[in-house]
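Two complexes come next, and they have one chain in common, chain A, joined by chain B in the first and chain C in the second.
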Partner chain A sequence: MRKVARMTISRRDDGKGVAPLRGLVPLVILLAIWQLFGSTHSVFFPRPSLWWDAVVKIERSGTLWPSLVATSETFIEAIIVATLIGAVLGIAIGSVKWGDSAFNPVLDFLRNLPAAAVVPAAAIILGTNSKMALVIVVFSCIWPILLNTRAEIRRVSVVLSNVITNVGLRGFRKQSVIVGSVLPSVLLGVRVAAPLALIVTILAEFITNISGLGSLLVSAQQNFDSPEVYGLLVVAGLLALFVNIVVSLVEAPIVRRHGPSV
Partner chain B sequence: MAQTKTKSRFIGWFAPIILLILWQLSIVTGIIRFRYFPSPVAVAQAFLRLANSGRFYGNLSHTVIVTLVAWIIATILGVLFGLLIGLSLPVWKGVMASVDVLRSLPIIALVPVGVIIFGFTLRLEIVIATYAALWPILVNTVSGVRQTRSELLDIGRIIRMSRVERVWKLILPSALPLILVGLRLGLGLSLVLAIVTEIVGTPNGIGYALINAEQALHPAQMFVYILVTGVIGYLLNGLFIFSARRILSAEKSAEKN
Partner chain C sequence: MGERSRNDPVNGSLLGQGDSVFEVEDLTVSLQTGGVDRTILSSLSFTVANNEFLSVVGPSGTGKTTLLRAMAGLIPYSGSIKFRGSQLSGPAEGVALVFQDYVNSLLRWRTVGRNVSLGVEGKLPRDECDQRVTEALEVVGLSKFKDSYPWELSGGMQQRVQIARALAMNPQVLLFDEPFGSLDAMTRESLQDELLRVRAHYQTTCVFITHDIDEAVYLGDRLVLLAGSPATIKYQLDIPLSDERNQINTKESNEFLRLRREVHGEMRRVHGTNQDEV
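Let's turn to the complex of A and B:
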């Protein structure tokens, strides 16, 4: 009986929350074993220390930072554009009565269209340049933002529109109340969209070879420079981690002010 | 009620048709002037031509089979390891942070690593697609298992269920909805990554045909393949949701009995 009680409590204590950092130990041990027993000349599994050397080499050659900047630029612009368009379309579709039934099939189809398949089409129509990358990233990461906004406007619209009519808000002030009420949901959408946008940015660079982290990866792979490939993988991972941290930092105060969205 | 339903169906078909007509008109009248932007009619013609050729179905089945095989492997591994991690608090504390690091690596950056190790082979496709599908399944299994209500587990102990019985009869059913969400996400990712590896270089499948059509400057054919990937994704997703609902409702009715 005592055992039951103890186990119940321990479960309640740690039901959710962030995994403790000591969970990193297996990964560190794996890398350490790799470093100790890996071969210097292995094409498939080069030692982790060689990854570092490879990244330093790219940095010295002066291509690392410009590539990172190019990737980040596309990524950030795409997030901003997708947030604006997604929120506006989401509000528009959500507030019209027949919006859902009219646009659901189209939205459902477009949302399920793999971004990877659309990249070649965008490349052939718009040409291979960073504008094309922007279009394709916006196209693929707009859906979580749009759909979340639409769902939220749907949820709050009845109460909110009553309040708005009763208080007699019009024009800009009416719009700002609506925008304020859906803001947490928009941000929740951005949170889902951000990692996706980063992946699609790298993917577009990868497939079309426009400059950025993706094209660095392709050229490393085509030269069979495996330490460089592994090194760039880690760089991409760090970039993704950075994006996640920034998104949660931006999101936290707004959610605190407006309350969490469901 | 029935009337509104048919009405909304009707509206649902309306929007795509209007979009297609606008698309066709804007190209015919020259409002949109991109060199390689095909009209819907040209895409339809290309589809009819492709549908009569054997290679089309070969590529189609290749991609679908790779997607499903990778997804099934990922399901087995993900649910197994998810149970392992979710059932024991020490294991969860000991490895979950590593899992979080591995799963947040941008999957596309792993493709070149895979290419170096496996070359442009079928194995590459399956490994990459499996890796992509694995994480949502694993993570959702872990959180599904961990969210099992402790009262339920207490009851299991009180009526002296064995550990295996508790997992099979209490924990898995209560984790099922979340696991199904993971499976759905995994299925989509598996398809996307199969297509990515084909676009990047595996000489088979829809992605390969798509990139070939692009390089041969056949935009209409390319659009057919894009639409086909969309349809595959749509159908797989729809089929999955359909069967998931049946599984869940069967589960519910079993509970009632």
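Let's turn to the complex of A and C:
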């Protein structure tokens, strides 16, 4: 019986990291067809080979890598901050009895605010800089993490707190047991939050023109440089794919230890 | 296991007057439901003798779990609960709980061994801790599964892990909250016998909550029937079955059948009264 359980788990996990890559096949075929039948001079649909040239051109000009780094920095910082704050708040709100009645209206209001609508207010308070972008991104991607953690702690808190008190756990041991029990839910939240965070990072760069992939895209579009727009789109897509793979790699061993969800 | 016996001078002197582990007097528990205080348990009085196995039966929703939580010092109460002679205020050292919900009571990310050590790690020297875990796992027959994860085991095995975790704490009293309630009949019967064996090995006082009358009579030295809203003790009964019990002979003996009929009768009577009230 143990063997069977192990086998099913590992089989499911093995496929996880590879699946996104295999899933790219149709896209590659589409691009190949585009390359074969596309026109060199089309403004709307330039050939993929031209995209490549455009990206190389940006790289030569020395703006590609700094922009990628800037975008990645904001994005990674935001995910880390959102995970920490979201998990802590989720645990806190979920474990007190009056948590829901006290916080639900505020939480519902905040999480339904569109990120774009928050940008002007954040710009007034913090100015247009990468710190502001960070705040916007955290604000918009924290919800899946916070709400998922809250739901899980609410599900287990009565039994868990009885166990913790009865076996006499205190201090660090107590906290680590609580964190351990919500960890898969936090990570599930991060999985949902990560792509969202990348979207909002690029969106914030769009709106405020702080340097990053988003502002490169805007200037390419404003110059009607369509090969550059498509090229940068692919770069953004690859970044997203990379993020997804990294999140899966971090998540897999933890989820495996927790076993199939109940 | 002679040195563990509660009757030796050292442990015996720790007990309060008489031979009672628990002396519950006039216990009343009120809990808040939707902002309203509701009395769940009303004026319960009973004792649990040293080395006794007390079964508590009652329909679901009466307040059995609440009673157990009060006895473990997990919730506030009024009246008096004396544990080994002194008034209980806060979580009691030496009282180990076994919950019905084994899935959420065990830590999924810890191996069986590390689950069993949960109550002793950091409190005892490392080698003593390991020794306790090894012994507890051996007693419940799970030595081979020390490095498995709980979710790799069957329900019955997971419940045995929880029992081992309680045993490793070397408690004076084990409190069971319908531990076998969600297991299939065959697993339940084998765990019942295993529990009797474990208890003989560790010489631990047990309070066992169940809504299964057969189980309560089969396991207990004495039985308390809890019913009503708020719950009161409706009935108490000594169970003079021999210590050597087994599923077939004991459950077919006239004495067992007589006792179970009596409890069923009381339960029906109490339940009937209840319905009249409502």
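Just so it is clear, the second predicted complex is superposed on the first by the 228 of 262 C-alpha atoms of A that agree within 3 Å, B and C clash if a C-alpha of one lies under 4 Å from a C-alpha of the other, contacts with A are read in each partner's own complex, and residues count from 1 in each chain.
Assume a contact is a pair of C-beta atoms (placed from the backbone, for glycine too) under 8 Å apart; a residue touches a chain by one contact, two chains touch by 3 or more.
All values derive from a computational prediction rather than experimental measurement.
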First (chain B), second (chain C), both or neither: which does A:P195 touch? first
Of the partners chain B and chain C, which touch A:L24 in the superposed model: first, second, both, neither? first
Does chain C touch more residues of chain A than chain B does, or is it the other way round? B
With both complexes overlaid on chain A, does A:N244 touch chain B (first), chain C (second), both or neither? first
Quick check on the superposed pair: does A:I207 touch chain B, chain C, both, or neither? Answer first, second, both or neither. first
Contacts for A:I125 in the overlay, against chain B (first) and chain C (second): which applies, first, second, both or neither? first
Touching A:V218 in the superposition: chain B (first), chain C (second), both, neither? first
Does any part of chain A touch chain B in one structure and chain C in the other, and if so which residues? none
Residue positions on chain B within touch of chain A in the complex are 7-9, 11-16, 19, 34-37, 89, 92-102, 104-113, 115-117, 143, 146-147, 150, 153-154, 157, 188, 191-192, 195-196, 199-200, 206-207, 210-211, 214, 217, 219, 222-223, 225-226, 229-230, 233-234, 237
For the chain A and chain B complex, residues of the former touching the latter: 4, 7-8, 10-12, 14-16, 19-27, 43-44, 98, 101-106, 108-110, 112-121, 123-126, 195, 198-199, 202-203, 206-207, 213-214, 217-218, 220-221, 224, 226, 229-230, 232-233, 236-237, 239-241, 244
Chain A-touching residues of chain C, taken from the complex the two chains share: 69, 72, 74, 91, 93, 95-97, 99, 101, 103-105, 107-110, 118-119, 121-123, 145, 148-154, 165, 169
Complex contact set, residues of chain A against chain C: 1-2, 5-6, 155-156, 159-160, 162-163, 165-169, 173, 177, 180-181, 183, 254, 257-260, 262
